[in-house]
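We just call them A, B, C, D and E in the order they show up, numbering each chain from 1.
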Amino acid sequence: QETPIKFQLDWRFEGPSAFFLLPVAKGYFHAEKLAVTVDAGNGSGNAVNRVASGAYDMGFADMAALMEFHANNPTAPNKPVAVMMVYNHSPAAVFSLKKSGIKAPADLAGKKLGAPAFDAGRRAFPIFQKANGVGAVEWVSMEPALRETMLARGDVDAITGFYFTSLLNLEARGVKPADISVMLYPQHGVRMYGNAIIASQEFLKKNPEAVKAFLRAFTKGAREVIADPKAAIAYVKQRDGIINVALEERRLRLAIDSAVATPDARAEGFGAVHPPRLALMASQVADAFATKSRIDPDAVWTPAFLPPAAERDIFPAGK
Amino acid sequence: MKHQKRLERWAPWVLLLAVVIVWQVVCSAFEVSEFIFPSPLRIWDQFLEFRGEILRHSWRTFWVTMVGFGLAIVVGVLLGFVIGSSRLAYAAMYPLMTAFNALPKAAFVPILVVWFGIGVGPAVLTAFLISFFPITVNIATGLATLEPELEDVLRVLGAKRWDVLVKVGLPRSLPHFYGSLKVAITLAFVGTTVSEMNAANEGIGYLLVSAGSAMQMGLAFAGLVAVGIMAMVMYELFAWIEKRTTAWAHRGSHAA
Amino acid sequence: MTAGAPQGFVEFDRVWLAYNEELLAKNQFAVEDITLSVREGEFIAIVGPSGCGKSTFMKLATGLKLPSMGSIRIGGERVTGPLKFTGMAFQAPSLLPWRTTVDNVLLPLEIVEPYRSNFRAKRAEYEARARALLQSVGLAGYEDKYPWQLSGGMQQRASICRALIHEPRMLLLDEPFGALDAFTREELWNTLRDLWTQQQFNVILVTHDLREAVYLADTVYVMSKSPGRILMRREIDLPRPRDLDITYTEPFVNIVHELRSHIGAVRGG
Amino acid sequence: MKHQKRLERWAPWVLLLAVVIVWQVVCSAFEVSEFIFPSPLRIWDQFLEFRGEILRHSWRTFWVTMVGFGLAIVVGVLLGFVIGSSRLAYAAMYPLMTAFNALPKAAFVPILVVWFGIGVGPAVLTAFLISFFPITVNIATGLATLEPELEDVLRVLGAKRWDVLVKVGLPRSLPHFYGSLKVAITLAFVGTTVSEMNAANEGIGYLLVSAGSAMQMGLAFAGLVAVGIMAMVMYELFAWIEKRTTAWAHRGSHAA
Amino acid sequence: MTAGAPQGFVEFDRVWLAYNEELLAKNQFAVEDITLSVREGEFIAIVGPSGCGKSTFMKLATGLKLPSMGSIRIGGERVTGPLKFTGMAFQAPSLLPWRTTVDNVLLPLEIVEPYRSNFRAKRAEYEARARALLQSVGLAGYEDKYPWQLSGGMQQRASICRALIHEPRMLLLDEPFGALDAFTREELWNTLRDLWTQQQFNVILVTHDLREAVYLADTVYVMSKSPGRILMRREIDLPRPRDLDITYTEPFVNIVHELRSHIGAVRGG
């Protein structure tokens, strides 16, 4: 008898979704007696909502979005909890064109920035501002797919976006890598966590073993994805035939390098968090997002379902 | 009779109240969380709290919609004339317009933004693009199905095609024209809002996404309510004009 | 049976009409081989059994329909489309339901030159004229009602007014008095007679009432049953001006009887 | 006549070709880059390359749309009946429906997903919600403006309200009903696509955002073209049915 | 002027009608103070000047309109809405343009019981009946045409067939023969006479043709000009069965003249 798990991604089937699609395709979940269905998503906020409402059992979402949900819906009966950290660093970054003369965060003061209203980098920008002493900026809201175009055309001076998304999009618009200036949040004093696997409280209570089994299988898959991203992309292509394999492979590699297999992740251990860092993030998010109540880091995170540390030692040595 | 009139006057309010009450009761009884479906009270709360902001964004959305809608009426009527009065134009343009209209305008907003920059341009154009079609269709259908007996009344006087359209075609299809305006105005609001959701710093569409991304569902719904109110105001305007111009058509048992 | 010198005002030359391609292919004509000539100012009446093609003839004479075969010349010019100097009262009143009665009557003045050009300027004058006309057919007090608030006979009278208002050179009336009682009808005969006497326009009148035809017309044409052909042309040589009393005179009654027996024979055959 | 028929048959294709050629020429002449507005050749290229995928997603969008649209016809006609035949219902429901319809359905998709999960549910419902209104409006207008003379023909036989609607109301408003179907089907496609853009693993809407975010604008446009084609197919179906059922209404000079 | 014992089939008791609130407020009635009684199976005719309220009377008699004042009882029951056993031919043919002629004629059978229940089963039989009826009014060959492909007179005849097809207990005919030529008209008189003789239903006939009224009816009512009142009731005591020859007899002609002079006087007054 398999336990069904409905899983909600944060975004569409792109390179990084290989982390979930590979173990599905290779039957790792089946081996754990889980029947996992993975659905594409449209933003972490929605992923959190859908898990909280019970429409999904588990999901993949930005830690900041999860914290915000907790803080703004203190009475919600079924608040999701993060059970495994995947992006040890938020992949958020500020992009500008070199020719605009923005070299350091301080240069952003008074500039026009573009990003969707829900963009993680935009929402966390106050933290970035505070950490780097950046003066006030002007925001222009736009659809995700528009922002790189607007930057390339000079309609805005800078944009925020996920490193592995905006970089590739800018290149696709004919901007040479050499002309792009990137300020990654983690390298500019914003040491926030990125996306985590979340599960609904109800589901955790009812099926704790299933969650553990899920994370085991996921970890097994993650090891293979990190070891051979090229092979992993094949499973994404299998699920969604329209993806551009070369592009998504690059995206996956960039995600692994910038958010998953980072030095911090190696130090903290894949899937785990460092509690003080999480607590700091919680207070930063509460300030930056102007939430209704403070955020209790222990309410949003539990390490109780993680596989043993040895099993989670998946990073290839040396690299 | 007078009683009936009064009843009709109040009917929409009674219905509205009933809907709101049911909604509130359901929300309270099942303890539906705000992020799933905010309750009317919560929406009202947010409405009051942010009334200044909502008003400002509503006004923007309203006038942008009106510009796009005005364009849609002009172009829709002219296109309807052309399609409705020439079989060839009908055969050539109708299928393509149907095809075009089935495309989600949201997909074009980014292109419009690239062409016109962020601002009123894309919103006006989206409102226009999304709303001219029902007008065109109704005018065209009205003209194409004109009874030849009525047409002959003018033709026998040597009237030109245009005369026939203006003196017989339009008046006869006026009730359906108003119907199409009621459909079109709703689409125009949708168009503006969708465009603002894609790229803008102002307007209810902007309010929706920014409230949505800050998980302020109550505020987002308050924005939706504002759009609904604006549409209802426009409806009442049309209904008023309609009553004064098409009484002749509403003379059936239904009217008695 | 063919008649008339080519200099007539209305000239039908071997005119056939089928209503559409299909009927044409099947050789089903609504009217067949119509040849006639009407001189300027002549008042003709057309009688014939129901469905024989009288209304079709009217549509041909106004250019609303073009002949499938043959040709029609009116005022010396070949008819290729609707004419601009006709007034027509259709068999059904066909009033526009969104216009009041007086606005319906004003319609031709909004379309036809020279009224059209100065319609806005002279609107008051024209409206007065329309009201006077409506009064003359007994519709005083109904000018501002909508057509659907009028009785059948009233609608018919309003429709006659619409045909007359712009003083057309050619007036076509398709059973204009069919829905009227005998007295109203006879009053309108005289109204029409007087107008025609003053202005000497051409009239083509379709009617089932032989007394009406003989009383008003210079010439009566009898059509055969469908498909319609012209079977007989009868000049009415009663002296003018005619008065209702004439309808009780023997020559009048004789002509009526003659026509009636002719039509009876037609129907039998 | 035959010539005219042939002309009409080819007219939409000629127009389509003309549009495509102009588009290609503009793209080539101004060297419009793909991510601003892809050229027809590029779209065609992508269409061929991904034809399997496009076909799969199109099929999904098509049947989902048809389900939603079928629902919209049933509900739209019934609502139109109710509103069109009772003044009270007209007064009560019309303004509220207008208000509701002016809300961008995209804003409801996330809520629908919370209720139904990602899958056909939200898409079907969005297609339905977005497309029933024009049908309702046209049926209601047709019934409310029924000539009492025609109505009396049935009433004098002691016919029930329903008989009057079915035997006179519906047939008389059939041409406008078809017109509204042509509007509604386009909206239904928009609804499905928008819903898929927000929440789906499949369908043209998913393809649009997925291709869009991977900078495959040619592919995204190929998806749009697929929607357009499906809408045109449905249009032709309606036109065919319309021709067989409402010839009586298209008998004017326009038809000659 | 009031007449009839209360046991009549159709009973009008001081019936007044204004078409709407507004007109009622202004005391503008379309018909005033109508009181009459018709016995079962009686054939009555109503004559009166154009616009006097004859069609209005018909709408009252079928329950399409309810009186503003007074009451109407038919078959012993008070009329509160449209009746289910009437057949009516309106003044305008009012055929449905999306149905062929035969389908228009079949319409009542789709609505009225007992035909309605077995319409699908017996469709062929009913259609044959409709076609026979259409043939009997001279519309053979036009059954499958659309109404707008028929001439005015043909449409009127089709409309009469529609009123008859379901063998109603009460038949109302509003100027049914107005658009027909004299011969077709007289044929249809006889068709109607024969049907009525066989089935003895009630008939109310509105007409402008006094010969028609006298030839067909048991009783003729004369209405005053608008607002309509009943001015006179004339029983036609001519023997039955009547034949067209009777119209040339002296008693017949006398009655017609009597009525005519009456109406003339009415109009004058």
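The rule is short, and it goes like this: a contact is a pair of C-beta atoms (placed from the backbone, for glycine too) under 8 Å apart; a residue touches a chain by one contact, two chains touch by 3 or more.
None of these values were measured; they are calculated from a predicted model.
Colleague: Which chain pair shares more contacting C-beta pairs: A-D, or B-C?
Modeller: If we tally the contacting C-beta pairs, A-D comes out ahead.
Colleague: Compute the rotation angle for the C-alpha superposition of subunit B onto subunit D, expressed as a multiple of 5 degrees.
Modeller: Result for this pair is 180 degrees.
Colleague: Express in whole angstrom the distance between the two chain centres, defined as the mean CA positions of subunit B and subunit D.
Modeller: Chain centres of subunit B and subunit D, defined by C-alpha means, are spaced 16 Å apart.
Colleague: Quick check: how many Å separate the C-alpha centres of subunit C and subunit D?
Modeller: Centres of subunit C and subunit D (C-alpha means) sit 49 Å apart.
Colleague: Take the average of all CA coordinates in subunit C, do the same for subunit E, and state the distance between these two points in whole angstrom.
Modeller: 29
Colleague: Which residues belonging to subunit B are in contact with no fewer than two other chains?
Modeller: 36, 110, 114, 148-149, 155, 197, 212, 246, 249, 251
Colleague: Where in subunit C do residues touch two or more other chains at once?
Modeller: 92, 97, 148
Colleague: Got the subunit A residues that touch at least 2 other chains?
Modeller: Only 49, 53, 145, 149 qualify.
Colleague: What residues of subunit B sit close enough to touch subunit C in their complex?
Modeller: Those in contact with subunit C are residues 149-150, 152-159, 163, 167-168, 171-172, 174, 246, 248-249, 251.
Colleague: Within the complex, which stretch of subunit B touches subunit D?
Modeller: 4, 7-9, 11-12, 14-16, 19, 36-37, 84-88, 91-96, 98-107, 110-111, 114, 133-134, 137-138, 140-148, 151, 155, 175-176, 178-180, 182-183, 185-187, 189-190, 193-194, 197, 205, 208, 212, 220, 224, 227-232, 234-236, 239, 246, 249-255
Colleague: Spell out the part of subunit B that touches subunit A in their complex, as residue ranges.
Modeller: It comes out as residues 31, 33-36, 109-110, 113-114, 117-118, 197-201, 206, 209-210, 212-216.
Colleague: Show me the residue ranges of subunit A that touch subunit B in the complex, using the header's touch definition.
Modeller: Listed in rising order, the residues of subunit A that touch subunit B are 43, 45, 49, 52-53, 68-69, 72-73, 75-77, 116-118, 123, 139-143, 145-146, 149-150, 153, 155, 289.
Colleague: In the complex, go through subunit E and note every residue touching subunit D.
Modeller: So the residues of subunit E in touch with subunit D come to 59, 62, 64, 82-88, 90, 92, 94, 96-98, 107-108, 110-112, 146, 148, 166.
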